[in-house]
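The same chain A turns up in both complexes below, where it pairs with chain B and then with chain C.
Let's turn to the complex of A and B:
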């Protein structure tokens, strides 16, 4: 029983990381109708940048957050400006961002080679650290990512619900033409939201770099689980993404302990299929921008 | 979101994910040359003179090659999930081709290496070998990297009767082609010899584990070593441990693409075996050790099958981890000055390729040896006749730089004996610790770790 509890708890925490990776995609897809596959490359690129800066300057990798988050905010802004200029719609976004994904993946392989990279334990004390609560050790990297995801999900939910920017985002998501007619600067809203999406990808990259070895092909392994979280949570729904991440992580963690690791992906996708059949609009649609 | 829309986009995304997983981000059949670029093939046409004796002394300059280049074709996983290790084979191949051209070429002719990207996909590897042989009409082929790719490509080589040297394929029982030559000398039954080597090494410390736990990647090669050949279930690390009286207290199989190691770490901690046997690849052990550290658990002894050596060294808690190797860059393996020279060239090539861990170990050594097989087969046969080359190797074996003389036993599916050794992380480096005669100076097995 202790093992199951441990599996669920760590699953919940790693669900936070999934949610953090999914937040940007969810917002971008829900509000801007951009299915941004390049988001996965941004996460990995952020992890590489954190790795490189950490080993080059021998600094605390967590400090690199203050570097990569603003940089990737700008990247997100530029990407959205490009989408706007190129008149990229929902379907085209799949193709365009897939191309960007491929280009960035090849670029990362060219710069850092195909080999594994990992911040050494002498510089990364977080990787093996844990906080014990109630006799259950909570690994620091996933604990931090869970806290970050929770904070962002709640704050973004409040922003979307209670601020002018949030109302503008929802208006853009529901009917861009009408939003424009009512004086909403839709382009500015989209650019800002895309910037936030980029910043979230950067933050996810920080926690990836803290917790595991990275290599150019790593991003591919995130596709299935992150899109499960996005769809399960409901498009544009930040709290939904967090909830979905927690559910998927906990279920996978419990399945790993009870039936073995091979059952974890099976359980994840059974949940996704069940959600698509019975809750295709997502778990918490009332908070969705879409 | 409308439900039908969700399904539609999910389907598209799934297809794209599969496409990315398959292609790993590069175009189909992108060529790389002996000089390591990713453009169209270029010839390496250094002058040479004819040589007819097997060349184990690669420092011996024999003149400039001339005439039509001998084109050697092959694939490597330049992209995709095997790319981290394939990059080592690419760098080593470039060094070998450069050296052979500097030292007179092959049969007096310059050598050109045409390597295509199989994208870590066995079907793609098979298709590209078909193309190399039938369309590009290469003179010789060298195997790709990775068990699946090698297995797929070997079938093509067999169909066209090409001699097929290859490195680091793990399903030894599956390779029945009469002209395949593995440069990874594990013997035909590594599922028996490898685990027993590990257990002998542990027991050489004077301590014998009473309990043992297994955490095994579902990859076919690691499954074979852990559980034996599927049809016979003969041998395997689990059965061999039981034969020695170790109590198996944990058996966990995990998928190749796993993102959450914490539940497995918890299971290991709960079982608390005296020794943990990880059937790991890539960074499996590294990730598991990190997850175990995070819950405050440190095994008393650990072994990992084929983890990448570099990342493991940088992992906190890796001290004392054992693994198998066929070569390490320390005495007595580097007693020969030529080994030192070639190893230094490979170190530089790996560094130039941006690979962080540049020591020559199993992958680089096996890669070099596969090239030596091909070179000696052609020079021994005195021609590029595939059957003559095959016969030459079967009759004469090969003289290799990193492993000494190798024989090929047809009754063992051309495998030689298992040349594996046990290495261990000690003081931040990898050192061979068993058998004793191959151990690094002043090094021996440390068990238990704590």
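Let's turn to the complex of A and C:
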């Protein structure tokens, strides 16, 4: 029984990481109607950059956050400017970002090879550290990512609800033409939001690099689980994404302990399909909002 | 001669011509490689064409091609490799199981009206993942160890391994393209097109939307599974990572988008072009670059040639034939490359580049309005363009 509790708690924390990965996709899909498959390779690229910088300059990997987050913010801005220029719609975005995904994946494979890469324990003191709460050890990397995800989800949801920028984002999500007619600079809002989601992908990459060995195939393995979180949480709903991440993580954690690690993806995808069929609008979203 | 008789005659002629290719290469003592190259092209044509019946015709974008292909591969692999079935009895089962899988998915997802567009695409993606993880944990199927097919005998009347593969892929490919053509040219096809254009209106006007979508999905799954079953022989050793990876869905999308989603010939042309390029790049030792180029092509094509290459080939058919024939002639007369396939690849590259010239620029080059006697294709111009956005 202890093992099951342990599995669920670890799962919940890992769910935070899923939520962090899902946030950017959820926001750009919900508000900008861009399904950004390239987001996954941004996350992995950020992890590789953190790995490379840490190993080359022998510094604290967590410090690299101040490098990768601004850089990927710019990447997000540029990619949205490209989408805007090319007039990419929701459907085309799937194909175009799939192409970008393939390019980045092969690029990473060429540069870093298919080998597993891991920041050595002498540089990465976080990987082995853990915090014991009530007899359950909580590994530091996932704990940090869970905290980051919760923080971002709550702050973003407040920003969306309370600020002018948030209001503009919601207006753009509902009806871009109308928003423009009422004086919202839709292009600027879109570019800023895409920059933010780029920054979130960079942050997720930092925690990936801290917590585990990285290899090019990792990005594909996130597809299913992160999309279940995005859809379960409701498009553009950041707190929803966090909740969904926690639920999916807990279920996968429990399944791992009870049926073994191979059952975890199965449980996740069953949740995804159930979510698609019964609540395609998301868990926390009311039925009237499409 | 009606259009249909003409096309069907074309099928018979092309089919017969292709049927004798292995014999000809043997008599002329050409490298065996040509036969292998051709049957791989057939494999991709069948995969892309079957995908296009669902996605191109009905507009329901599917990432699930890998699922149907995977069902086909694993059915034959498990039945012959683990239960000692003969290949010829296992093959139809592969197609039928994929068909049942397709119907099961369709029965659930087509009942939910919200599941259109991107959500449908992601559901199909998830189905492939689910099948992969089921196969991975079920030791009766794979159990993570892979299935050996090397002991499976091929029926003797089909000849040696390569000839047998050639003949089987040829037959399945012809059947698939024929089915796509007959669908395109029928009541079912018109119904599917109307679903693509506006599903609620189509339903309101009496198109049996649910039944047509089920038929399209079933055809997609059946032919993909059948060709997957044949292909399991070529794989020899079947593993989850090889079968359920992103390669099959990626390539069928790319091929069909390049060729053109709206016409049954689009995926055929697209598969021929993409596979030839990718084969040449691989044989030049540029595997990584190959992937990057494929990705870049996908981006450019999705943005630049919306309607695909095939409609433009029809519109500018003289240019197409001249470029294709001219480049092949020049390259083979001066013997510039080491292989006929390389000649062909260069010729197609030149043709694609010529065909990618936008309509307006093309008109300026030719010095006319570019539309003489032809139907308008590409972006609508004038007041309609605004409405279309």
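Criterion: the second predicted complex is superposed on the first by the 285 of 290 C-alpha atoms of A that agree within 3 Å, B and C clash if a C-alpha of one lies under 4 Å from a C-alpha of the other, contacts with A are read in each partner's own complex, and residues count from 1 in each chain.
Here is the rule we go by: a residue touches a chain if its C-beta (ideal position, glycine included) is under 8 Å from a C-beta of that chain, and two chains touch if they have at least 3 such contacts.
Keep in mind that what you see is a predicted model, and the values were worked out from it rather than measured.
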Exercise. Sharing chain A, do chain B and chain C clash or fit in the superposition?
Worked result: clash
For this session: Check whether A:223 is in contact with chain B, with chain C, with both or with neither, and answer first, second, both or neither.
Result: both
For this session: Return first, second, both or neither, reflecting whether A:98 touches chain B, chain C, both chains, or no partner chain.
Result: both
Exercise. Touching A:151 in the superposition: chain B (first), chain C (second), both, neither?
Worked result: neither
For this session: Mind working out whether A:231 is in touch with chain B, chain C, both or neither, as first, second, both or neither?
Result: both
Exercise. First (chain B), second (chain C), both or neither: which does A:35 touch?
Worked result: both
Exercise. Between chain B and chain C, which makes contact with more of the residues in chain A?
Worked result: B
Exercise. Should A:269 be classified as contacting the first partner (chain B), the second (chain C), both, or neither?
Worked result: second
Problem set entry | Set intersection of chain A contacts, chain C complex versus chain B complex | 35, 94, 98, 101-102, 105-106, 109, 220, 223-224, 227, 231, 260, 262, 265, 276, 280-281
For this session: Provide the residue numbers of chain B that touch chain A in the complex, in ascending order.
Result: 1-3, 6-7, 9-10, 12-14, 16-17, 20-21, 24-26, 78-81, 83-84, 86-88, 120, 218, 252-255, 257-260, 262-264, 266-267, 270, 282-283, 286-287, 290-291, 293-296, 308, 310-311, 314-317, 353-357
Problem set entry | Interfacial residue positions of chain A with respect to chain C in the complex | 29, 35, 86, 88, 90-92, 94-96, 98-103, 105-107, 109-110, 220, 223-224, 227-228, 231, 260, 262-263, 265-266, 269-270, 272-273, 276-277, 280-281
For this session: Under the touch definition given earlier, write down the residues of chain A that touch chain B in their complex.
Result: 2-3, 6-7, 10-11, 13-14, 30, 35, 37, 94, 98, 101-102, 105-106, 109, 111-121, 127-130, 132, 137, 139-142, 211-213, 215-217, 220-225, 227, 231, 234-235, 249, 252-253, 256-257, 260-262, 264-265, 276, 280-282, 290
Problem set entry | Contacting residues of chain C [partner chain A, same complex] | 61, 108-109, 112, 114-115, 117-119, 121-123, 125-127, 129-130, 133-134, 136-137, 144, 245-246, 250, 253, 257, 288-289, 291-292, 294-299, 302-303
